[in-house]
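The two complexes that follow have chain A in common; it is paired with chain B in the first and with chain C in the second.
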Partner chain A sequence: MSDAVLDKQVKKQKTRRSKVDPEIGVSLSWKTLKIQKQLIFMSVPIAIYLIIFNYVPVWGWIMAFQNYRPALSFGQQEWVGFQQFKFLFSDETFMLVLRNTVAMSFINLVLGTVTAIGLALLLNEIRAKFFKRIVQSISYLPHFLSWVIAAGIVATSLSIDDGIVNVILMKLHLIKEPIMWLSEGKYFWGIVGASNVWKEVGWGTIIYLAAITSIDPSLYEAASIDGATRLQKMRFVTLPGIKATFVILLIMNIGHILDAGFELQYLLGNGLTIDYSQTIDIFVIKYGISMGNYSLATAAGIFKTIVSVVLVFMANYTAKRLGEERLI
Partner chain B sequence: MHKTAKRSAKAAAAGVLALTLALTGCGSGNNSSNTGSKDNTSGGNASPAAAGDDNAPVTFSVFMSGPGQQPTPDNKILKLMKDKTGVSFNMEFLVGDLQQKLGVMIAGGDYPDIMSGDDKLINAKAYIPLEDLIEKYAPNLKKHYADVWNQIKDESDGHIYVLPSYGVYQGKITEPTYQGPGFWLQKKVLEEMGYPTPKTLDEYFDIIAKYKEKHPDVIGFESLNFDWRVFPLQNAPEHLSGHPNDGAVVVDNNVAQIFADKDMAKDYYKKLNEINAQGLMDKEAFVQNYDQYLAKIASGKVVGMFDQHWNFQDGETSLISQGKIEDTYIGFPLLYPGAEEWYRDRGAVGTNRGFGISINAKDPERIIKFWDQMITEEWQKTIQWGVKGEDYEVNADGSFYRTPEQRANADKTSWQVANKITGMHGYMPKIQGTYSDGNAADPGTQPQEFFDSLKPYDQKILKAYNKKSWSEFFKEPKENYIYFPAYSIVLKDGSPAQLAQSKLNDLQVKFLPKAIMASPAEFEGVWQDYVDKIHKLDIKAYEDRMNEGIQQRIEKWSVK
Partner chain C sequence: MKAVAKGSSRLEPVVFHTLNSLFMLFVVAVTLYPFLHTMAVSFNDGSDTLAGGIYLWPRSWTLENYKAVFVSGTIYHAAFISVSRTVISTLLGVFLTTMLAYALAQPQYIFRKKIGLLFILTMYFNAGLIPNYFLIKNMGLLHSFMVYILPSLVSAFNLIIMRTYIRGLPFSLTESAKIDGAGDFRIFWKIIFPLCTPVLATVALFIAVGSWNAWFDTFLYASSDIKLSTLQYEMMKLLGSTMSTNNDPSMLAGGQNNQVQALVTPASIRSAITIVTAVPILFVYPFLQKYFVVGLNLGSVKE
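Moving on, here comes the complex of A and B:
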């Protein structure tokens, strides 16, 4: 194919594109499909994957309105309407676990974001590359531990029998007697929040550090020329620079507000703290799946999904009204 | 949750038992008694014309639902089996996650000839019914299972799919190593206190208090309230009041009721509340997980606890490997005044533990005939004890024993994989108790052999108590009631009974630690709160289901 021919084709494309309504972006026609066939071809497996794993299972939501029994065929299932939902919302335990889930999730969200941004800001100021890398590695390594191991470490550190936390507090003379951290409900949310920070802070920092590196260096230079101090540069250049990232991540995380987690609460919780430690996921395991009551588990799942979708749209709408970056 | 808990408990118990068997050894070879046995059985079961075909070489694939070690290719027992019956095996032990493996097997319908029992596989209709095959080809098996014939049938359709491996006893039950529940005390504590035998809670805690006074660093009384392992905290009252382990209920005159809210429970937890105030209870007992619990026991600092032996045995094993044998434990059956002891029980038949034949099996007849031969006493002795003169000796009065070298051999893993089939044997139908000649089923349960294989320190302790085994601290188990154990009665998924049971368990998990850790003045208040909350639950639904199950079992399981 000669260059001339190629040029001609490109030109042809351009003219066709110019007819496209700029608001819609791309008009779907067989021709465009043909031109972008590689792209379409590549996205087909992903679309199939999404349909199979994310859309087909929605069919299972029907279970929530049945008294589902695994061995029976679809026609034989007993329909019960909203009975499962009624049970959920009339059960006092469910209200308790809802409170715990939202509370722990909120704590995780706020603490997680604040510490990640804080660490990113501090790391950004470090000029010694070697030291920076070491700090980063150490802070994100716990992310790769499973919660089973992490919870074991947490439980051991909080033990009254030579647990590091109690030892330090005793040495500092802040407390006289070792405190049994895991025996009091009032400490539980804090422990979960702190454990999450310890495990995830380094990982959360990575994305903010990436956002910071994309800030135009000339802004810093200009600020220096204007006589800005280090703190002022952080306050007026870095923070606004990562605002877009922050808002997008916030919107995405708000969608997960009912996913406070399962493993940590399950592994650290005990009879004494059960009123503060049980989350929706634990409730679903206990009263749904392990009792073979799949309908109840599904109803709780639907509830979670609907709340998440509503929250994401609300956050997105708010961001739009405030003139911020948004997700959708 | 409770139901699975108990079942896993039994599973673990079975595993431990298998381990005991493994450690105590068996082997094989060629000797006259084995040859004799083979001839007898084949003569009895097969028509002479078919005898030639019966020994044609055949290989069966076997799947076992637990991890295990492959026997060596030239394994002594497998070789013997092949020589005498023509049967050899292609064994597959579980690697990775069982549920996942079963899911794949079921989805593909890809079953080996022989599979260990599992509810999931039963529900997937992966086994063939065995009762007709047994009637036709397996007189020895028929005899072996005669007493439990109705019990081993599947509850839903009345077929027998799995031949239980454990829980079918004959002769006398000799069980030197006690695995069940008890109030345990460290051997060194007993030694220092002059070998006392506590019979009541007061005497028991008195020993702990006195010992802790002299050694303030130790942990007096330990407990566990974690995940499904809640029985160390919840089950003591039923034993103290003279009931066997029926789970969350006690059964009197075939009527079950929960005991959590009764005085038998209150008295026990009130006592724990008192000893907590005295500083004898481990403060961390109710916040620790299972690993921390085991670690505490392995540290040798725990004086005593209530638990089932198999549940803390890993901790004890660690103590032994650290050479701290004096820190290991002896169990005592404490009782309330006037109660009659029932700590030891004759383990129930594990209805879904053992082997079944899959729908893909090439020759089910041949498999059942093989198992039928294996259940004869001669083969059982070969499998469980080994070969006479090689793996064990017989003294003048006919009882089996091992020389120190034979014992040392049996402890070695390398020797085991070449001379025993521990892994597969764990799932095969087997004789437990004693043979008709009075010898125990395996070296681990032969009283004299057991005593002789103990460490000198243990022998000294036992001599001081004038006993020969650990289980002698407990009374011989009574005959099981036909419905025993009540905890294995299936609660329908999602039923009010199941919901009530789960909520009751939640309350216990939450309130028992609260009551124990409250100051003695507050105990009554917390207890009243707890009992009130229990009475708000639909306990009646749970008790009704248990009683219904008991009546059904009495009707269906009785062999008339």
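Moving on, here comes the complex of A and C:
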């Protein structure tokens, strides 16, 4: 995935001479700069653009250590040290928000991965090419729709008057009267998890299906000769075959554990379910943009970023120790 | 005993394949039903829809909902903004991503690793909403069209897909062009760019979908400016107004009273806009399918 992964070969051959890259034999000098001026012209402006839009805002982090008031100039701001962070971690709302974020993220991660692998395994068993293609194309259709449309669809499907979910459950006599799904906090996480599966499962299978198709067919033949059943083939050939993909995707996703997504939660959440629906991102919007408490919202944002970066490095390190594929 | 085992082993694949096919049909049904339902509601008379019982087919055909959508100039303008931002972002984004990917794919390029790392880090490292908001504000981009284009021009994910693809192209192409005296920019534009068609399609689709589907930037940076509203943002506002009717029985009654005067209801308007918003993508994606499957794999599975 990363530069370093792709450049592993290069890295291995690196020697102690730091000035000159031994692989390519180029050192940083006026001469090289001159030779590579076109490449520099093609990339450095974009890099500067990136720095402006992604790294310069880090300057704003100082707001988290102030009691920021927009009306005052920089010199006049009141410095408060870690007070915003202290407040954040003693604040009940934030703890609730953190719980919701991690819970929904975890549900999405586990449910998303399991369903994607499951669907990929089952799709792989479909012999009719045409049918397989149709199912696949349709299953990743929702991925291309915005969460606004998806949220509308979820709300319609769950509505008490004529929502399809209630209609079906009533017809099956599983419930006596329509459930107001979106008005009760206890259903919220499940709804978010299910909606995510509906929207992303087909998309998620693309990679796993590709990984399955690239498994050496002779392994299956050998397993058949040894008398393996379908389940045993899955267990001993397919699953080990997609392990590398799984690990890479897991590392990538672990860094996003505090990104439970906020669009669906923001669009579907309401006053009745707020204890279950509010995520860190919504917290930041609410405190920062709506209430103007920029310092607290920035502190929450910093917390999120630091946790993400630390988690990615930890996951990567663990994968390395276990001898698995890794990202960085 | 033996015969039984043999029989079951012959039966087992049949049972499995039947069940599996049925399950696939179930997946298809669950995925498609909401669209067909939305389509049916969008073509059904608004007040009739309130009576319930619309599933896959409109009961009382009408184009009123669509007329109501297009009667308001807001939607036309929102559609115009949505299309403009999508087209501009895609053209600029694809060009810049490919150009950068070309430079970073050159093994001898001195800043290759530094710039690469700078991009990869952005996948996990983000200054956060508030600092970003202040940046946009300080740059004077609030309530300006450029706020839709500038902040998300080149993404790390698309860059990786692109670079992996360019690295896979035969190295001798660039080499021989260089011997012939072509500069990097010429090689990129005349040789590499045309060769990248499949992956260009992938990246273009990713950028276009992202831009078309975005509503949060409007919400955050331009919500007070109706001239900058997008289709998705209009949908989002409608969603807010219909969500409450859907879920609060007391408001449902009030909602129905309103419907007596108006033929179209918020729900039917929303269905119509949903269809209008979704249709462009539904038309494009089947054609690009074979490309993005390749693209996604390039991006996620290492060589």
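Rule of thumb we're sticking to: the second predicted complex is superposed on the first by the 263 of 328 C-alpha atoms of A that agree within 3 Å, B and C clash if a C-alpha of one lies under 4 Å from a C-alpha of the other, contacts with A are read in each partner's own complex, and residues count from 1 in each chain.
One rule holds for everything that comes next: a contact is a pair of C-beta atoms (placed from the backbone, for glycine too) under 8 Å apart; a residue touches a chain by one contact, two chains touch by 3 or more.
Bear in mind that the values here come from a model prediction, so they are computed numbers and not experimental data.
Asks: Looking at chain A, which partner touches more of its residues: chain C or chain B?
Replies: Between chain B and chain C, the winner on chain A residue contacts is C.
Asks: Could you say whether A:Pro240 touches chain B, chain C, both of them, or neither, answering first, second, both or neither?
Replies: neither
Asks: Touching A:Met291, do we find chain B (first), chain C (second), both, or neither?
Replies: In the superposition, A:Met291 contacts chain B only.
Asks: First (chain B), second (chain C), both or neither: which does A:Gly190 touch?
Replies: neither
Asks: After superposition on the shared chain, which partner residues are touched by A:Ala47: those of chain B (first), chain C (second), both, or neither?
Replies: A:Ala47: touches chain C, not chain B.
Asks: Would you sort A:Ser159 into first (chain B), second (chain C), both or neither based on which partner it touches?
Replies: both
Asks: Who does A:Met180 touch here: chain B (first), chain C (second), both, or neither?
Replies: After superposing on A, A:Met180 lies in contact with both chain B and chain C.
Asks: Considering only the touch criterion stated at the top, classify A:Leu267 as touching first (chain B), second (chain C), both, or neither.
Replies: It touches chain B and chain C both.
Asks: Following superposition on chain A, which residues of chain A contact chain B and also contact chain C?
Replies: 152, 155-156, 159-161, 180, 182-183, 267, 270
Asks: Please output the residues of chain C touching chain A within their complex, sorted ascending.
Replies: Of all residues in chain C, those touching chain A are 12-13, 16-17, 20-21, 23-24, 27-28, 30-35, 37-38, 41, 52-55, 96, 99-100, 102-104, 106-113, 115-120, 122-135, 150-151, 153-154, 160, 163-164, 167, 183-185, 188, 209, 212-216, 220, 232, 235-236, 239, 242-244, 246-249, 252, 267, 270, 274, 277-278, 281-282, 285-286, 289, 293, 296-297, 299-303.
Asks: Provide the residue numbers of chain B that touch chain A in the complex, in ascending order.
Replies: Where chain B meets chain A, its residues are 1, 4, 123, 225-226, 283-284, 286-289, 291-292, 493-494, 498-499, 502, 506, 508-514, 517.
Asks: For the complex, which residues does chain A have touching chain B?
Replies: Per the touch definition, chain A meets chain B at residues 67, 69, 71, 152, 155-156, 159-161, 180, 182-183, 267, 270-275, 286-287, 290-293, 295-296.
Asks: Across the complex, what residues on chain A touch chain C?
Replies: So the residues of chain A in touch with chain C come to 1-7, 10, 21, 23-24, 26, 28, 32-33, 36, 38-44, 46-47, 49-61, 63, 119, 122-123, 125-127, 131, 134-135, 137-139, 141-142, 144-149, 151-153, 155-157, 159-162, 164, 180, 182-183, 198, 202-203, 206-207, 210-211, 230, 244-245, 248-249, 252, 255-256, 263, 267-268, 270, 281, 284-285, 288-289, 294, 297-298, 300-302, 304-305, 308-309, 312, 325, 328.
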